[in-house]
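Notes follow the structure.
The letters A, B, C and D name the chains in turn, as written, and every chain counts its residues from 1.
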Amino acid sequence: MSDGAAVRIGILGLGRIGTLHAELLARRVAGARVTRVFDVDGARAAAVGAALDVVVAGSATALLEADDVDAVAICTSTDTHAALIEAAARAGKAIFCEKPVSLDLAAVDAALDAVVDASLTFQIGFNRRFDPAHAAVRRAVADGVVGAPQLVRVTSRDPAPPPLSYAATSGGLFLDMTIHDFDMARFVTGSEVVRVSAFGAARVVPELAELGDVDTAVVVLEHADGCLTTIDNARQAAYGYDQRVEVHGALGMATSENPPAHTGSVRTANGTASSVLPHFFLERYAAAFAAQWDAFVAACRDGGPGSPGVADARAPLAIGLAALRSRAERRPVDLAEVDPPPLSRPLTTSPTQ
Amino acid sequence: MSDGAAVRIGILGLGRIGTLHAELLARRVAGARVTRVFDVDGARAAAVGAALDVVVAGSATALLEADDVDAVAICTSTDTHAALIEAAARAGKAIFCEKPVSLDLAAVDAALDAVVDASLTFQIGFNRRFDPAHAAVRRAVADGVVGAPQLVRVTSRDPAPPPLSYAATSGGLFLDMTIHDFDMARFVTGSEVVRVSAFGAARVVPELAELGDVDTAVVVLEHADGCLTTIDNARQAAYGYDQRVEVHGALGMATSENPPAHTGSVRTANGTASSVLPHFFLERYAAAFAAQWDAFVAACRDGGPGSPGVADARAPLAIGLAALRSRAERRPVDLAEVDPPPLSRPLTTSPTQ
Amino acid sequence: MSDGAAVRIGILGLGRIGTLHAELLARRVAGARVTRVFDVDGARAAAVGAALDVVVAGSATALLEADDVDAVAICTSTDTHAALIEAAARAGKAIFCEKPVSLDLAAVDAALDAVVDASLTFQIGFNRRFDPAHAAVRRAVADGVVGAPQLVRVTSRDPAPPPLSYAATSGGLFLDMTIHDFDMARFVTGSEVVRVSAFGAARVVPELAELGDVDTAVVVLEHADGCLTTIDNARQAAYGYDQRVEVHGALGMATSENPPAHTGSVRTANGTASSVLPHFFLERYAAAFAAQWDAFVAACRDGGPGSPGVADARAPLAIGLAALRSRAERRPVDLAEVDPPPLSRPLTTSPTQ
Amino acid sequence: MSDGAAVRIGILGLGRIGTLHAELLARRVAGARVTRVFDVDGARAAAVGAALDVVVAGSATALLEADDVDAVAICTSTDTHAALIEAAARAGKAIFCEKPVSLDLAAVDAALDAVVDASLTFQIGFNRRFDPAHAAVRRAVADGVVGAPQLVRVTSRDPAPPPLSYAATSGGLFLDMTIHDFDMARFVTGSEVVRVSAFGAARVVPELAELGDVDTAVVVLEHADGCLTTIDNARQAAYGYDQRVEVHGALGMATSENPPAHTGSVRTANGTASSVLPHFFLERYAAAFAAQWDAFVAACRDGGPGSPGVADARAPLAIGLAALRSRAERRPVDLAEVDPPPLSRPLTTSPTQ
């Protein structure tokens, strides 16, 4: 499309995240315009359409085939992502998809193959890559300021656990929550993961044990370049949304700390009191969500592949599957065990291109 | 108006700040609706009206008299504020006005008298009171956590000086920039100012000297309760927008520090490198601007007087006039010198009610 | 001994750490007096004796048997600790011993049995327990402020690797360096370790690989109460001595951060520059070394068992041996594998009593 | 004296600060040796002499004339400083003197003239110049990193007020406490002070008002180069010893913040709790006291004039006298009013040479 024209975006799925994206695209993102929205819940679609003054499509298919749609944002439930990606690829639209593409590697490959075969712009919703502080950590590594990565620490803790029902369909902590951290480990190091050791238990919500899920976990990743990443997750952090990344390299350390909810503090004879952390991801990653869309719009305009792209959409799922097996079998699991090279995509694609 | 209905707001003046307010009210503030906008620049008004899907009024008077306008936001140039306040008061509208009301105390009194006589909701645009960190400092004082205020420090520095032309009409640093800090000193201490000593020079823009203005200044305020406030201002801070408040009391100290632009940092053998400060007020006070409108909408709904209100709109101007005289005459100036009690409003109104 | 009298201490071994302890005891520790010193290097002993105005003993045995010695500080090379502990026990002296007691569990047990059988005061040199910040983390856990520990993170990185020759005799990174972190994990959680998973490589000093040693490592500890501890170590941190501890519990998180070398910083348009970390342990743990001696002197005076004591001297070695096996065999190793319960001391002793 | 030989120092006055210096010099300062001590309290002198194994001189004169004394540290009460400096100058000894030299400018001039005429090494006890963080601020200015100083802020608050009796003899807050801050303002800016405006009251100890003294104060200094310094002092800071310095210049800002008492913190749903500040100057300035002596010993060895030297010993007193008059007369006071140029020393001497 001409550089001047706005990228016309259709949004599939108007849940919490889909509606957030719709509002960002409609009001904040320069060079983007929301032209169609759709949700299986017609009333919800009508409400969002009215609020944003956008046409509500009659069906996902209708939206995908609309002439005034250059790109689609897939924000529906995970089990529908793969099929919608393939349909969007057939329609020749640029694609943004929320993570994960699927909980099944074969389904992921089929969907991503369709995207690659059609040479379309594709971006996966790993929004944290666009957080200014996390991005500064990646930049310090990419620029060689901290030298070759040797130790990486990723802390990712939610303020409160989701409903039990969610755990049953989300794939569990490793595929739903830690998957962001698997991506972060690949992003900041620029190196693929070759072996996974996972540990965890249901410390906060005992019922999760019956579902084979955990709410408190540690994962150790061994990278192709020898770097060691430790991830720790908790579904419940009483003090707020805890998101930190650290890379220790041969020449130094790059760190992304938590911002406070505000910068006020009080000192008395009893010590110093300051604020909690931001409550949750909408506050913590507001800037990242906007920057994510700027990147997608830029990729659509120059027709690039998009980043994080197909390789980035696939690798974290394989790591998550290895983590599930590692915890179940109490042993380190090589990635090749869950993703045999012959069948897998070449991992030569840089995790950060 | 009924609690359920949205407060219908008309916006007068669509410059940088007026447009910001229009967008906030149209899209972010629950319970508010922008029904009319006006600007002397018709093209500008048309553009904003179209972007926000709002009717453009034919004149300020038309907007003030429109039936679908419950409240007006006065964001025009300072020299028009007083007259518009009086007109809005005659029309019986709730009023939000950008600071300052006027550079002339008599004009301020006339305008505010009209508001008080009509018992209308009035709020002056001292947005910093709504910053979560500054508000936490005030709360620590109000709750008695830090004891009686003894020493207050306010630092307020802009990243870069405004154009020379601006200095000529704005009233200069003390009335345009420091006026926010005079309000902050009253807000956090809850005590009126009785004597002012001002110091300053044109260190960055020598041409300001010819206009009798300064770009670097210190002001010492003596409060009625004995507290001493020191304010330091600079029109140019190479490292960003520097906004800090501190209250030292008998039992402790409350502080509002600058947030960093982001929370990433890098440690090497050369030391630790982290980010600059937020570039300017739109980034630094985004939350404060939204909270300011929530407060105004709430006041409109319950028909309260509004806060910061009439006393808060007036007092900082008197302090600014005393500061101008103090610097010119190189001596402390009692507030009574520039604002003789008989003519002045009773200062019994608490600066924070 | 009478409460009034000073504890008379004899010091065995006057290397870097022994001399540090001698100076602290001679000059800083109230209630302590250094009465005898000894080192196999006679010249060294003479120099220290002269500097501190203390009698140089003719032999370790002579020092252990001297009437004016109430307690001994064993600061000799690791391979001599066990025998000296047994000799000191026979002589009925209170004992402070640098870590580790030995690299061999059986030798440790023999030495500690002698101490227990003689009911003597015994303290092992895990000085970090006495760091005010680390101690505050332990206190927050012990007081229940952060709730039951669920995730613990210990970072321990040296500024530069020791000479290769040292690696050959020290037992390697896990037994020489990580052993402090194994103790820290037991200290802050108050829970024993039951399973160990270790990862690591020689990233900085490749020659270490030939010695079966590593310079960069991660260890995951599974505690009896279900808590997960991750430890990361590096023999080389370009930015200084990095020592952090964090406990995430059901109610909150307690953290011990690095102090900066100094608190100066500079902000410019390029960002904010501040200092490196303290260079090494003498600077970082100066307060801890003094507090360690205050605790030992108090224990000698009231005839208590001493803390960290016998159980604390033994457990970290067992964890270290499990870590060595875990890394060699690339699998989690139960502590019972390297320390069969029938032969081992009861681990019921609280790790923090 | 030969470079190799230690500087032999005699200490006059063994109160809190004199004893601190004696211990530092006897045990910590390379190249220094304490050879004689004296105090009018014989018992006290005997105790310190015994503890440090140093000869107790029979009188101040005897100490000053001893052959084994190269330099003297004058730590007696302020009213004796000037006479002892003159006596030491006659004896040709290098001189370290605690601040202030005297509360009378003429007496200061007489004493310093004697030092200058004899071309002796002289250092005044402004220890804060040697604090690593404050020194980093000065270095940033001297190196041009922050550009020409425009605004300086110095905060100096004690944890608790001294006994009333002390106030009567010390010269009061401005000459006893603020004098350190007057020196700091000259040190970090490198520019002399030309005008002083002082404000203050007895907020904590009302009895001070009867003595004409204050416990809470603000002083504004106008420098020769146009820089404005604001100093705020409090005799009582409930949260600890508060010592901060900040220089805002054309290119940036250099800051020296307070270190925490320790680096532990706890985050819960109620917020973040961390430590108080260091209790008082012995903890806060331990490193500075040692560095101060290293500088003096170096100056003695190379026969330099010493820094902070004669000009630095005199200027802060003049500023303090101007502050006293400014507060009494409620007006800015030119330094020339209290220190007429013809009689005064040339202020061309750089405040930081």
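One rule holds for everything that comes next: a residue touches a chain if its C-beta (ideal position, glycine included) is under 8 Å from a C-beta of that chain, and two chains touch if they have at least 3 such contacts.
Worth saying up front: this structure is predicted, and the values here are computed from it rather than measured.
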* Asked: By CA centroid distance, what chain is farthest from chain B?
  -> C
* To do: Quote the value, from 0 to 180 degrees and to the nearest 5, of the angle by which the CA atoms of chain C must be rotated to coincide with those of chain D.
  => 180
* Asked: Roughly how many whole angstrom separate the Cα centroids of chain A and chain B?
  -> 40
* Structure fact -> dist(centroid_CA(chain B), centroid_CA(chain C)) in Å evaluates to 57
* Asked: Where in chain B do residues touch two or more other chains at once?
  -> 238-239, 251-253, 260, 267-269, 275
* Complex contact set, residues of chain C against chain B -> 238-240, 260, 267-277
* To do: Within their complex, state which residues of chain C touch chain D.
  => 27, 53, 131-137, 140, 145-146, 251-269, 275
* To do: In the complex, go through chain D and note every residue touching chain B.
  => 147-148, 150-151, 153, 155, 157, 197, 199-201, 203-204, 216-218, 220, 222, 226, 228, 230, 232, 234, 236-239, 242, 248, 250-253, 330-332
